[in-house]
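Multiple structures follow.
Below, chain A partners chain B and then partners chain C, in two separate complexes.
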Partner chain A sequence: MRLSTSNTLHQGRFSRQSRTVPFLGIILCILFLLGMASRPKPKVYIKKLRHSRYQLIVDRKPYIVKGVCYNPIPIGQNHEYDWWSSPDKPWIVDGKLMQEMGVNTIRIYQAGENPEAVKKVIRDMYELYGIRTILGHWLGFWEYPCPFYGDKIFQDKIKKEVLEMVELYKDEPGLLLWILGNENNYSCLGMVNKWSTPEIDNEPDPQKQKAMRARIYYSYVNGLVAQIHKIDPNHPVALGNGELIGLEFAREFAPDVDLVACIIYRGRTFGSLFRSLKATFDKPVLLSEFGADAYDAYLKKEDQNMQAFFLESQWRQIYENLADNKEGEGNCLGGTTFEWTDEWWKHDENNPESWKVHDTESNWSNGSYYFDIKADGNKNMNEEWFGIVALSEELENGLNKRIPRKAYYVIKEFWKNPSLDNKSKNKVKK
Partner chain B sequence: MKKLLVVLAALILAAPICAPAEENVATQPKEFVVYLDKNSRENHYIPSGWMGDYGDIKLNDQSMDNPHSGTTSLQFTYSAKKSQGQGWAGVYWQNPANNWGSKKGGFDLTGMTKLTFWARGAKGGEIIQKFMVGGIKGTYSDTASIEMGPVELTDTWKQYTVNLVGRDLSYISGGFGWVTTADLNPDGCVFYLDDIKFEADPAMKPEAKKAEGMPFYVYADRTSVKNHYIPSGWMGDYGDLKYDGASKEDPYLGDSCIKIIYNGKASQGARWAGIYWQNPANNWGTIDAGFDLSKANKLTFWARGEKGGERIEEFKVGGIMGEYSDSDTAGIGPVILTKDWKQYSIDLKGKDMSYIIGGFCWAANIDNNPEGATFYLDEIKYE
Partner chain C sequence: MIKSQITNYKSQTNSNTKSPKFQTDAFLLVIVISVLYIVCNLVLGICNFCYAQDSDKSAALSKQIIGAKSNAELYAPFEELKDSYFKDNKYTEFVESLRALSQQKKALEPFTDYYIALSRYQQLKYLEETQGWDEYFSQGNTYRDELTKAAQNAIDATTINEPLNPYARLILWQFHKDQQDAFAEQALTDLMNSVMEYSKVSADTKPIKEAADKLLSYGEKGKSKELYRIYAEKLAASDIKDDSLAAIASGFYKEGNLDLAESIYNIYLDRITASTPREKLLPVLTDIAREFSYKDQGPSDPVYAEKIFKKIEELAGKKVFDQELMYLRAFNLEKAKEYQKAKDAYIDFLLAFPAATHSDEAVFKVGIINTYILKDKKEGRNYFKELISKTGTLRPWGISALYQLGLLSQWEDDLTAANDYYNRLIKEAAGKYPQMLARASERLKEIEEGKPMEYGLKTFLDVSLKEEYSALDMSKIDLRTRPYQANKEQAVNISSAVYAAPTGCMEVQLQYLWSGDLGSKKPSNDQSAFATVYTDTGTQVINLVVVSPSGIIDRSLDLVDTY
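Take a look at the complex of A and B:
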């Protein structure tokens, strides 16, 4: 009996428990789901798929970055010109042309100094044309005499600027993501804007010096990324990087970076970029600066076909490596072509007279752009001719008239009907 | 009308006699001969294109010394005396004679799938850097450029085949050719060629692009048949450079090493200089000729400075960008050389080495070598 009673009691208790547990479970599930519901997905985030494939998600939909680098300096002005505050509002004209072409993103290297003017541009582009903005920060790369990434005062100064930028613009509906730096990694190699610290100076082995600089720089960027994530969980943070150089250090010291924004000029193809990135630093990549100029330095004449040829080929490679193309690496999120309009100040930036002239002299050589590599001294890259839209000296509503080049139409057509070389032809969603 | 018909008939009859130099052999079966015997009526092309140290070459086109077939073969004597100061020499078979692409004279060899020839050395061990088909550039350029080599000859006749499957042979004015160097044959060489002909062999398969086996040498010794790539890509202040690929000054291994003198005088005003090892020579990505080095995990080389302390900004592999770009690049540097030999290694793990035109490269500058630099390299190889 006792046993029986005990059994009964036990059963009763058990019975009560077994009713309670599912009930509690359901409650917990509801609470959990409610919790989920109350914590919405970030507005913009990167979805990691199987096999290290990545997709940018914006407002819950996959988003291919079809972008241009945007710096609409008029003829006769240089990079110091505050176009943000221009009463002629160049972005209104440009945004319309971009929309017609299919551009959905502009990349801006660094915001202007007037926050209201910057917000106005971001809003106009988004509200009028549905074009989103990538905002960048140079991270003091051009500060005189060099960016002292090993110096606490310098670090704090740049950090303050970056976090202020994030606070100011994080709630703009048109904001897509942040890019920190551009080709700043080259300063770690001493290739440009070389900087040092007493510890680095004491190291006799130049290879170790490079590694020390890279560790300092990428660790610093990682700290910034972590701070931005706290302030703004809604937008990914990219590491701007020249080529893939130094990313073996980024893997170790900048793990919080969401994506790599790669600056790359390799002519017709990006080569093994997508595969190499997976091997060195498994993050998604945005081709944040690439392109071709439209001037044949050998034949000494404008060549729009040459530019269009390279750009179409580059965009084809970008599409071949998007997440939904099974044949590619699947780690590319899109690109921002360099650049929207020509910039006439670039060849001789210290000479205001030359800002009014469309210079045809080249300052550098790149064999990947092989059509005009036989130019004098092999200098074939014409900095003032990278626009997919040319500028005319003729004014229209106070702005230099915009004249789209062949590349504008070729890319427009490509985006409408992306035809790919590999087997996944036509499988990519537009 | 009658006159017109007569003229037309005469023209039709005369047509085959007046056939242009550009001859279509696509419809002809089996073979197209370059050389059978001295007086063979089937011979095509003339061995007229003497190149490099042409004064070092002698040709006996009716050598009766043990021909492979018939009564004669071609005997070449290369003295390696560097008569023209080039360090290399070679001969192209052209049509018409001495046509370096300025005249229309190529044959349409469509349908041919291989070129075969027989070769032997007088002693054995003679090294021919490469044999060529096509590749003449000019107003009338050849539609294909195929190379094979290096080849180490034996003292008995041996047949060699150049695979032509899939090549555009619609215009070939340089039917055949060879090139060799004084480094590969420091004492010169004598070799024989016979029975050179294009063949339409339906059994030939396209040459599969295969990954090169390891180790794959860039430089072993000056005469080594294992060497690949040519140190032809002189950059920056190229006038500041002296290159000796056969230095006897304390080589790390073997009988020779590379000695490079960079005098730091900024001859071209660049304030830096460097050399790319390319395939073929002077290929800045304009010729489709990269090696597949996918099996390589690293490139190693030995280096030393004459005084110690010489600073090389970078040693690297790959990185040539052009119409045909290298598939990847990797490097180390800056490197401060020691007075004693030291081995360096460029890590290639994770790199795409499937197509490499620029096999090796170094660059140095004046800022870090104000008095220039003299340094030595040896045993450069992919492993």
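Take a look at the complex of A and C:
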């Protein structure tokens, strides 16, 4: 009986408690949710879905990057030309053409030296045409004699430049994300822009040397990413990387990067890239440089169809691997085609006379672009012919007249109606 | 009025008759026009006839298809119908006719679906090959869509017992493989499963072989081998006689389908090994080994040949090899770039047949392999010295051995010894080996003028002989020569491929440091390949070191025999 009384007493206390606890819980939940709601979401962020699928979210909406690499060097000038400050404002003409095509993003390899001019371009593109900007930094890859990623002075110099860039442009409404580096990882393999440190020089095994360089480089990039995150929580930071080379080291030494921005030239598609990336370094991927040239080095004539053929196929695979296509890997955020306009200075960059000539001599070979691989020495890649918009020597309002190539129209159509080769094609949002 | 007109006409005709040239021209014109008219009509007639014939044929085949009582009766007429359209690249017309057929008889749908998929597949390929871009861009998506849907329908509507199932899987895989898309891997797994399941329930081997052939043509060597093995096993499981099996294998060998030939030979050998006496089995094995051994012309698979050589050795020991077969085995290993094994095989050959025709060549090659590939300079020297210590006139390999000994001495800075070797070479080779004489004279000149050895040659010797370069194991350069057994003055093509680290679109300028016996040509440093001729008999040693801006990539060496 006592037991029973005691039980009753206890029950009474418990029942009061049981009424209070849920009430408090609800209050706490409401406070927590209010707190959550008051904490603003980053303007641009990457949403991780189930099964390592990723979606880029911009202003709370999913965003597919439908972009182009943008470097509008006029005929007769080279890469040192400051188009940002050009009174003819090439981006105004280009932005309109891009908007008509459906481009929503431009990728810029590195900002110009005049911050006001850069801001003007980013704002004009966004305010006039709704086009967002990806800003990149070379991370000193082209510094003479080589990028000393193992050297503290060099590291600090580049870090200062990068953080200044972030401070300057992070509040631009048109900014989409940052890309650090481009194909800098190839320098770790020692074939291009090779750099070293005394420790690496003392290591006799070339494989270990490569691993040492990769560790230094990716750790350095990771440090930069962490710093950028502190200054600018509103924009993701991408690791620019040639192919998937070295990403096994990035997994270990650069875990803070938000996405990988891959530079890929594999011809018709990207092969197993999306799956391989998942296995190597499970991060979302932006195809930040890919494309095809519009010159048949074998037949020695312009071939717009060949370029359109490759580009359409490449974009199809990008769409197949977006998050909302269940059949694909779901880790692709979109791409920025290389490139918007031709650049006539590229073949012989030290010879100003050749900047006025649309050179047809190829500099490199790539068997995946098979139509003209039988060209002399198999050199079929024409660096000055990658534009989806050709430049004419004829001037229009001070600018070389823009002549969209077939790829411009083919991709425009594709973006309007992205047709994939599988059952769920209708599910892909435009 | 009328009269005057008649008069006018007459006068006109009269005036015409006045010019005989005009008359002839007009006559000729009439003749030409008439002939053209007849020819055009004839062509048109022929076309109409052909069209009518084609049309009749199509109608007859369609009738046959509609009237077929079983699926088995459908394959042949459908194939014939397909060929009649495909030969003129009439893909869309074929698709339309297939749709008409399926409307007439719904049971035909798996077939019509399969052929629609096949047709659209061929059409897309055709448009790409002929660069029919207008249609490609405007219709490509529709065709791709039709292809995948139709192939899937055919798969869904058939069971694993029907050949149509693996065929539809095959076309779907080919499509995804061509597209290099995310579905290619799954499509390949599905295809393999389908073919394997089919092989379990059906005696029909055709779809298995066709799938294997296609896989091989797409570079899926492992998978094609798997299916060829199944095909060969099914063939062996049938009532086929041993001789017929060997003949089929030989047939595939002649076609150049070595994978399939090897699979069938393996089964054939398994079949006969237990029941055939050793003395009868050995010639069979020898013939197969010979067939697959390296040769400059015709198909060969040195690795498979060596497998058979091993079988012979296991069966009867090394003593069963005659002089020619023993040399062939060593030569085959040399061409397979299995240098350590080749060296051992040449030594076996020398022990068994010290006075053979090829003995000097074998001694020289063992010397070269020891020195430059296995980095055993001392052992290599012993072999070269063996060649120069022979009495009488030195054969070409003795002359080459003198050069090699001179080279090694020069590299070691023992210039007196080098001088002696080169001078002896010049004396012994006078009037007989002009290219070797020229090389020895160059080296002597370097010594006389106190100059360093030619840069390419010195680099090759450094990289091959110094311990610090031991990581360079000849695996990053594929150096090939065609032919390997050449007559004097015959064109010889030497080419190299370098496996270097990827550099994206940043082209790395490679330097090709050629040295050694390069014949009549002196290739420049940017040449990865060149053609040459040799005027000397003997074994020519071609050396290559490839250098990138960041250092030496690797070295390689190749041997060519000239007669």
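Criterion: the second predicted complex is superposed on the first by the 402 of 430 C-alpha atoms of A that agree within 3 Å, B and C clash if a C-alpha of one lies under 4 Å from a C-alpha of the other, contacts with A are read in each partner's own complex, and residues count from 1 in each chain.
Assume a contact is a pair of C-beta atoms (placed from the backbone, for glycine too) under 8 Å apart; a residue touches a chain by one contact, two chains touch by 3 or more.
All values derive from a computational prediction rather than experimental measurement.
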Fit or clash - chain C, chain B, common chain A: clash
Touched partner set for A:Asn234, first chain B, second chain C, both or neither: neither
In the superposition, chain B vs chain C on chain A residues touched: C
Touching partner for A:Ile373 - first (chain B), second (chain C), both, neither: first
Partner chain in contact with A:Gln317 - chain B first, chain C second, else both or neither: second
Which superposed partner A:Ser52 touches (first chain B, second chain C, both, neither): neither
Touched partner set for A:Trp364, first chain B, second chain C, both or neither: second
Which of chain B and chain C A:Ser419 touches, first, second, both or neither: second
Chain B versus chain C as contact partner of A:Ser219, first or second or both or neither: neither
Touched partner set for A:Thr197, first chain B, second chain C, both or neither: neither
First (chain B), second (chain C), both or neither touched by A:Gly242: second
Footprint overlap on chain A, where chain B in one structure and chain C in the other make contact: 205-206, 266, 268-269, 271-272, 275, 366
Interface residues, chain B side, partner chain A - complex: 284-286, 311, 320-323, 325-328, 332-336, 349-352
In the complex, chain A residues that touch chain B: 204-207, 266-269, 271-272, 275-276, 279-280, 366-368, 370, 373
Partner chain C, residues of chain A touching it in the complex: 183, 186, 189-192, 194, 205-206, 242-243, 245, 263, 265-266, 268-272, 274-275, 305-306, 308-309, 312-313, 316-317, 320-321, 327-329, 363-366, 381, 383, 406, 410, 417, 419, 421-423, 425
Contact footprint of chain A on chain C as seen in their complex: 128, 131, 133, 136-137, 140-141, 144-145, 148, 175-176, 179-183, 185, 471, 500-508, 548-551
